[in-house]
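Think of it as A, B, C and D in the order they're written, each chain with its own count starting at 1.
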Amino acid sequence: MSILINKNSKILVQGITGKEGGFHTRQMIEYGSQIVGGCTPGKGGTTVFDRPVFNTVLEGKNKTGADTSIIFVPAAGAADAVLEAAHAGIKTIVCITEGVPIQDMVPVAAEVKRLGARLIGPNCPGLITPGECKLGIMPAHIFSPGPVGFVSRSGTLTYQAVDELTRNGLGQSTCVGIGGDPVIGTSFLDCVEMFLADPATKALVLIGEIGGGQEEEAARFLEGKDIPCVAMIAGRTAPPGKRMGHAGAIVSGGVGTAQGKVDAFMKAGVPVLDTTQELVAELKKRMATAKV
Amino acid sequence: MSILINKNSKILVQGITGKEGGFHTRQMIEYGSQIVGGCTPGKGGTTVFDRPVFNTVLEGKNKTGADTSIIFVPAAGAADAVLEAAHAGIKTIVCITEGVPIQDMVPVAAEVKRLGARLIGPNCPGLITPGECKLGIMPAHIFSPGPVGFVSRSGTLTYQAVDELTRNGLGQSTCVGIGGDPVIGTSFLDCVEMFLADPATKALVLIGEIGGGQEEEAARFLEGKDIPCVAMIAGRTAPPGKRMGHAGAIVSGGVGTAQGKVDAFMKAGVPVLDTTQELVAELKKRMATAKV
Amino acid sequence: MIIHEYQGKELMNEVGIPTTKGRVAATPAEAKAIAAEIGKKVAVKAQVHIGGRGKAGGIKLAETPEQAEEAAKAIIGMDIKGLKVNKVLVEECIEIDKEFYLGITLDRDAGTHVIMFSPMGGVDIEEVAVTHPDQIFKCHTHPWLGVQDYEIREMLYKTGLDTKILKQVHMFAKKAFELYRKWDCVLTEINPLAVLKDGRVVAADAKINFDDNATYRHPQLEAMREVAEEDPLERSAKERGLNNYVRLDGEVGIIGNGAGLVMGTLDIVAREGGKPANFLDVGGGANAALVANALGLVLSDPNVKGVLFNIFGGITRGDEVANGIVQGVKQVELKVPLVIRLSGTNEKEGRAILAENGYEVAATMEEAAKKIVALTR
Amino acid sequence: MIIHEYQGKELMNEVGIPTTKGRVAATPAEAKAIAAEIGKKVAVKAQVHIGGRGKAGGIKLAETPEQAEEAAKAIIGMDIKGLKVNKVLVEECIEIDKEFYLGITLDRDAGTHVIMFSPMGGVDIEEVAVTHPDQIFKCHTHPWLGVQDYEIREMLYKTGLDTKILKQVHMFAKKAFELYRKWDCVLTEINPLAVLKDGRVVAADAKINFDDNATYRHPQLEAMREVAEEDPLERSAKERGLNNYVRLDGEVGIIGNGAGLVMGTLDIVAREGGKPANFLDVGGGANAALVANALGLVLSDPNVKGVLFNIFGGITRGDEVANGIVQGVKQVELKVPLVIRLSGTNEKEGRAILAENGYEVAATMEEAAKKIVALTR
């Protein structure tokens, strides 16, 4: 078991004919992900790695039965690509693209939610259910199957921590990189809820960052839950943003600081560690105590 | 019984301090409608006919428990007023205002539907459940309680036909003037469905107009239903619009002509009459045959 | 509100839609100068608010500036289906390779705006819609978000046309929708959207109608209104504050409140054998002054042989209407019969006022229709 | 991207938001002329991208044009928290009756934009947010439809302020949101929104930040960018295509890929007792040239005593990074120690290239941090 994706996920690659899209499609296929086709307007009728290319997601979905998509289109077209997938009936949509304007994502993220689709990202590394399906751009070799559910706002810090997990014999059920943009489709809490409902997930790693209140939200939800769980907050020594006027401080109402996040996790009994080494050591200890 | 409104409907009047709003509020109160308050931004805290006036619908709803509203605000603010009511949780919203720009109504009508509220109008006379609740601007004295469900796109033609019904001893369960604008919240079909689910409604009068396809849609739905029903289509001799280019003709695909509507009703076994006199005579005959 | 082709093309250029090159001329001399400036074969096109100008001789080709001057001389002042031509559009003569159709309007049944495209554009597009409905491609735009690129692509890739052309058409569709939204249009139409032999794609015609309910948001439109060539009675109606007047070709003047009731009145007058001279809806809540104005307007139509008032009051109050009729008759010399039907709000008060002034009120709409048809026959 | 108060006020005037009257001056003579034109007491305000200019002496009042000239002479060229003042805004001196706060930004937790208003505006607004949170009123705008009038009303009528004032504030909120949307802002702030003793309401200050991801849609912004007063290293970063560089005040240069990893690197360097000289995220998929640029940039900071590379490749490939390091070192004279940590995509290839060129790669991030801190102490 796992969350969001598994070996049966049928994947369309939006932007499959681009440089990054092509590179990572090959890597996903090599991993064993079921890539059933791709979309690039104007390239319909051609093939990439023997997979059919379609002009629109709707056509691709109708002809392949895809239920999942991953987006590599340039930033200016990314929000449109997300909406195209959601309207075509794709249920899980991963948007890798970085640099998507905020005002493009605000209405699109809300509309995707309304349509009942699940968006991961944008500006994220994607997700992976080790041994079954890789839907993203992460280096596959560091992952291994196992009981740890993993959520992170940071791509590269995820790799760092996962590498550490795997080296220590702790495999992962699913690893989700939810993305670092201000407006994203799936939050920390969304993932934590899904993991708690997944029988294969027996422990949790949460990698947060300063800014926003989603770590706090997830922490509150975890109060009283007895799953072994550890967290890390990046940016504890980052200088406060120079350029956000008063509004940033007022809108957050004091939420979003590293200390606030640490406090929220501590209150929920979730230790916050300084380095990935310490993080994994602590998790190992807690899993042993909980006998999972 | 009735549809949409009855003696328990708790009504807020949006634009209660305006000339038309005030005039019709008094008339509704005299009819026995439960007007619990009104809204006019900036007039909060005052009263009109002993009813409290609020600055916002949200405040009015929270303080009075209103579930229904009627809108008399000027055209430029009407779409906003509709959305305000829907977001405040008002379930039945009647927009009397005429002259609302089409591009204001397209998103608002869709959003109201999403929120699960019911909008009647704009540019409509409202609705009335005779003897219980008048939520509109119709002359009350022509209505009488009874078994006839009544839907119409035209205000004044409604009065004409209802007057005829009442003179002939046929009372009405509820009369709905859905409005003549190109974009409206509630269609013919919506009303017909509600009437068929209402035990008090035992016969139907439908007053349509040329343009659009909602009469055809309602007619298709009525195929095979055995409720006594008669219809009228205004505009059978109207000149075709001079100014709609080709697009109007193409978008409709031939739908919307008087003849098309007549044919659709005839196919459903619903006779289409030329005058309100003939309409009522035919309904009387059919109700007698069906023994209702 | 409608505008001319040349005005439509100006608005299109403003949002970046390429059109045929040209300018408008009010005199033959101007037409000559524009043709000289264009420096090649030109088309001289009557600017008139009615279709079928080509067949009526309202479009002429000219090889030289002198010929353009001649053509303008012939067209300016011409009468096309009752409308006088005041201006001509002088533009480059184009060599068309393919004609597409692009139109945007409201789809009232879908409750949103629809972009329509056909690879079979040109004068016969309405026939194409009937004979080749599969060649009309539609894109219903998102009711909240406005048109999205993927929606246009989903429409266009169904056509099977070449991708390079489609990318250009996509741009036209997107910008035309931008124009449609920006100006509160009810119609934006490019027919033909022409692929030229030199490879360019241009809007070779431009038809734009505006939502009259939204013109208050666009004060610039007032300057574009060319009243000179409107029907003088329709223009007079607007000046009198009567926005729902349409002139017809019969002899029974009709005034009522509510579009449905007025349409119903037209229908019943026609059924009784009369021919309506106009459609005039004074709207909800008409006061005495407006009613008097309405009567004055209808009586100013020389074809009118009698007037039928059909009022069933909701917002409109019977006493206001009655006062308006009395007032209106005082202002003009009443030479034709007047039949009045008055019911609804303040019906009694209205009838009393009319009785005081010596008018009779018909008992029903049918009776009123029969009476006016008999009196005008 | 950020702009100056005077530029913000220009954008506000463009959408119809009234501001204090005034103009920008680059020289004392210009300041004098503007003051003469205004014809009354003026304020001369330093235009600088940092808060607290008032306390630093960057705002002076002047009764006469001559005094304005003197004030400008004192302020232009002044150093405020390390930034040089190049321009002053000369504007009418206003008599403030009440100070409100109006700000628009993204509420990331709500997933939509939020308009915030407080009747207790002015310099201490952040303190108000802490001590009087009930005096901060918020309006979360509709994610699809944008802000609606009723949403603004629902916010404003909670303040209990006088209706007449609220109608004016409503207009400011609506137009400020229009500006915010039109220009892809991440912040539009008016503090104070000043009610003057003469009854006028004006934006007395204007702070506008733009979404860097959307500046491609607004080519006009390029002309508003005033590079002269930016930190020279941050400017140099942009010129090198490095958009995620922030200069800090330590001595350990840090280069990594991914904001989270770079933040994590800063954290661990700090924990080991080092002080980071900068934050530099080369982003996903950085190629060799960009990596070389990054190295060159960090080495051009005179405070840097050593550089830590921390790369964990996803899109970014180890071989590209390794080539970039080799290339970068060739372009400059390397006088400080370099510690490299490289894992992830094409890790083996990258390590091979580095080994060939004589560089050692740290086994873990912790080890790398310890090493660079030891080497720079």
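Here is the rule we use: a contact is a pair of C-beta atoms (placed from the backbone, for glycine too) under 8 Å apart; a residue touches a chain by one contact, two chains touch by 3 or more.
All values derive from a computational prediction rather than experimental measurement.
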Checklist entry - Counting only C-alpha atoms to place each centre, which chain is farthest from chain A? => result C
Checklist outcome for this item: Note: of the two pairs B-D and B-C, more contacts are counted for B-C
Checklist entry - How big is the gap, in whole Å, between where the Cα atoms of chain A centre and where those of chain C centre? => result 54
Checklist outcome for this item: Between the Cα centroids of chain A and chain B the separation in whole angstrom comes to 49
Checklist entry - So what's the Cα centroid distance for chain B and chain C, whole Å? => result 28
Next on the checklist: Multi-chain contacts only, two chains or more: what residues does chain C have there?
Outcome noted: 144-145
Item to check | Shared interface positions of chain B, touching two or more other chains | outcome: 107, 111
Checklist entry - What topology does the chain contact graph adopt: line, ring, star, complete, or other? => result other
Checklist entry - Name the touching chain pairs, would you? => result A-C, A-D, B-C, B-D, C-D
Next on the checklist: Show me the residue ranges of chain C that touch chain B in the complex, using the header's touch definition.
Outcome noted: 2, 49-50, 101, 103-109, 111-114, 116, 125-126, 129-130, 133, 136, 138, 143-144, 181, 184, 186-187, 189, 191, 207, 209, 211, 213-214, 216-217, 246, 248, 256-261, 263-264, 266-268, 270-271, 276, 279, 283-285, 311-315, 343-345, 347, 364-366
Checklist entry - Quick one: in the complex, what on chain C touches chain D? => result 144-145
Checklist entry - Given the complex with chain B, which residues does chain D contribute to the contact? => result 144-145, 148-150, 153-154, 157, 163, 166-167
Checklist entry - Can you list the residues on chain A that touch chain D in the complex? => result 20, 24, 75-76, 98-104, 106-107, 109-111, 125, 136-139, 142, 152-160, 163, 180, 182-183, 207, 209-214, 217, 232, 234-239, 242-251, 253-255, 274-277
Item to check | Residue ranges of chain B in contact with chain D within the complex | outcome: 41-42, 44, 55-59, 77, 80-81, 83-84, 87, 107, 111
